[in-house]
Amino acid sequence: MINKVFISVIGESHASPEIAKLAEEVGAEIGKAGAVLVCGGLKGVMENAAKGAKSAGGTTIGILPGSKREDSNPYIDYPIITGIGYARNKLVVKTGHVVIAVGGSHGTLSEIAFALGYKIPVVGLRTWQIIHHSGIVDHNINYVTTAKEAVEAAIKLAKAAGKPEEVKEYHS
Amino acid sequence: MINKVFISVIGESHASPEIAKLAEEVGAEIGKAGAVLVCGGLKGVMENAAKGAKSAGGTTIGILPGSKREDSNPYIDYPIITGIGYARNKLVVKTGHVVIAVGGSHGTLSEIAFALGYKIPVVGLRTWQIIHHSGIVDHNINYVTTAKEAVEAAIKLAKAAGKPEEVKEYHS
Amino acid sequence: MINKVFISVIGESHASPEIAKLAEEVGAEIGKAGAVLVCGGLKGVMENAAKGAKSAGGTTIGILPGSKREDSNPYIDYPIITGIGYARNKLVVKTGHVVIAVGGSHGTLSEIAFALGYKIPVVGLRTWQIIHHSGIVDHNINYVTTAKEAVEAAIKLAKAAGKPEEVKEYHS
Amino acid sequence: MINKVFISVIGESHASPEIAKLAEEVGAEIGKAGAVLVCGGLKGVMENAAKGAKSAGGTTIGILPGSKREDSNPYIDYPIITGIGYARNKLVVKTGHVVIAVGGSHGTLSEIAFALGYKIPVVGLRTWQIIHHSGIVDHNINYVTTAKEAVEAAIKLAKAAGKPEEVKEYHS
């Protein structure tokens, strides 16, 4: 049983107006649903989503790559200062029960890949499509078209997964 | 100007009753002061401090070394799942404006060392003493004897420091 | 001017016989070319490539996710013990002047994504295809069909790039 | 049975002439002994030790905190580019079967602490002394006074330890 759902929102730091709007709507839906928004703490989709969450009374965590607290966008309640660069992408993914990708550049793709590897569910909104070397499109991304659908799917997947952290890392 | 003070409490995962009591008092003072408690999220000092903070209505962040959310002690509001082992000690230190060490084993010593290296202020309660190879005792740890003094000193140091994250990491 | 070229070979830990053969050939070409092979140090493509490199008198580095030296495959000269789980994928990528992806699962995809984000050249042998949310296939992967072509392309790209590490990480 | 001994040499990046000389001698002894020198790859003790190792025909690995290969000192054969800042201190320690501390600032202290926590043997040459909060001096550092003694002790400890990586990290 999950008491509080943590949803990681990932996406590019330079978002088009359309993607920015979508990210803000995703954040607002997360806030309304009483879930906690986790993101990378910087600009673009991260800022738009955090802004949306705060506008709906939600709570936001930003896992920053750098060492400066000031890099955090103004909608982050709890900045986590990692100083490990983009190795922090793994932490953004793991801290969520589920991931929502909105648009996205190569950093976002690394996060989608980490999530799929860890068997953390991924919901996709206008994001990457990936084709395995066998020629088959990877069907592990749950594509939806609206912010509302994204958050509904995310919460459902988080609850169904229960323990998304069960995939063992090779570091015993 | 710091809006909200983040205080990292570090210490051993197997605490004596005396150290445990001290950690809980530190957490309670942090909660009363309206600061956010950051810790490693596990047992011992981390759990005692988080328990104290929650008893005083505070907010707690636990930066976990492993990949399992369930490793989090029950007093953590926001578990950060890093999966990077004790490399996360650096993150615990950096996420605070200031660090309070309560007792402590070798892991705690690594955190004190990181904090001193980053010029993040350290308050010490029955913790390590360190002697430089020049033979001089390192005076950068601010030793106090009660939980109340520790949190008062921590908040004062955090505000005086302003931007403890100014020390540049060698990763430009 | 690059004195010694470091080539990171990435790919799945459970390789089909065909992919395994290709990886071994890639390793052998790297060894013959006098370049240093960098990989994740484990089984599958990592082991096959390291085996090929050693058979050709080359040098091999394995950047292990876990804490056990024994996880290293027997063809690794220099095991780097990270204990940071798959956050080490970033290190595998950065340690090479160039990356060759052979086959690959989600971990490999995270490495391709990191490389593209850092503008480290990527050569692909039967690996992922990725389609941006704009609908455009990402043309930053240099697809080839033989091991010989892969290593020739890799060395050429490494020398042309010169300083692939110029992309700044957000951690100043 | 250890085939090849990996010795991590740690110490400050701004070394006094006396410490620098000692570090270079340590490196030379490591080279003569046929062991592999691991270090942080930068200046000061790291550079002096690597220089010593190369002068004796040894092999050197530098685990760099930053993203720039050029930060590597000129005596490093195999630079590992981590881009995770001083979180890489853990990797420097883990990659060695044993650690030799020469002089040292706060970064070195964090490495000593990590090594002690992981039960990796530590040999100390004019380095930190640490006093536990119980008031007892920590006797886990093996202090010696010459470079020759340091490397002899290190190799003996490495072989006796056998598997220093047996201490489990909390990241299953």
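For clarity, chains are labelled A, B, C and D in written order, and residue numbers in each chain start from 1.
Here is the rule we use: a residue touches a chain if its C-beta (ideal position, glycine included) is under 8 Å from a C-beta of that chain, and two chains touch if they have at least 3 such contacts.
For clarity, every value in this text was computed on a predicted model and none was experimentally measured.
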**Request:** With contacts defined as at the top, give the pair, B-D or A-D, that has more of them.
**Result:** B-D
**Asked** Looking at C-D, A-C or A-D, which pair matches B-C on over half of its contact pairs by residue number?
**Response** A-D
**Fill in**
Taking each chain's centre as the mean of its CA atoms, subunit B sits from subunit D at a distance in Å of 27
**Request:** Express in whole angstrom the distance between the two chain centres, defined as the mean CA positions of subunit A and subunit D.
**Result:** 39
**Fill in**
For subunit B, residue numbers touching 2 or more other chains are 67-68, 83-87, 90-91, 168-169, 171-172
**Request:** Write out the stretch or stretches of subunit D touching subunit B in their complex.
**Result:** 42, 65-68, 71, 83-87, 90-91, 103-107, 109-110, 112-114, 116-117, 126-133, 169-172
**Residues of subunit A touching subunit D in the complex** = 67, 83-87, 168-169, 171-172
**Request:** Report the residues of subunit C in contact with subunit D in the complex, numbered from low to high.
**Result:** 36, 61, 63, 67-70, 78-85, 87, 90-91, 94-95, 118, 163, 165, 167-169, 171
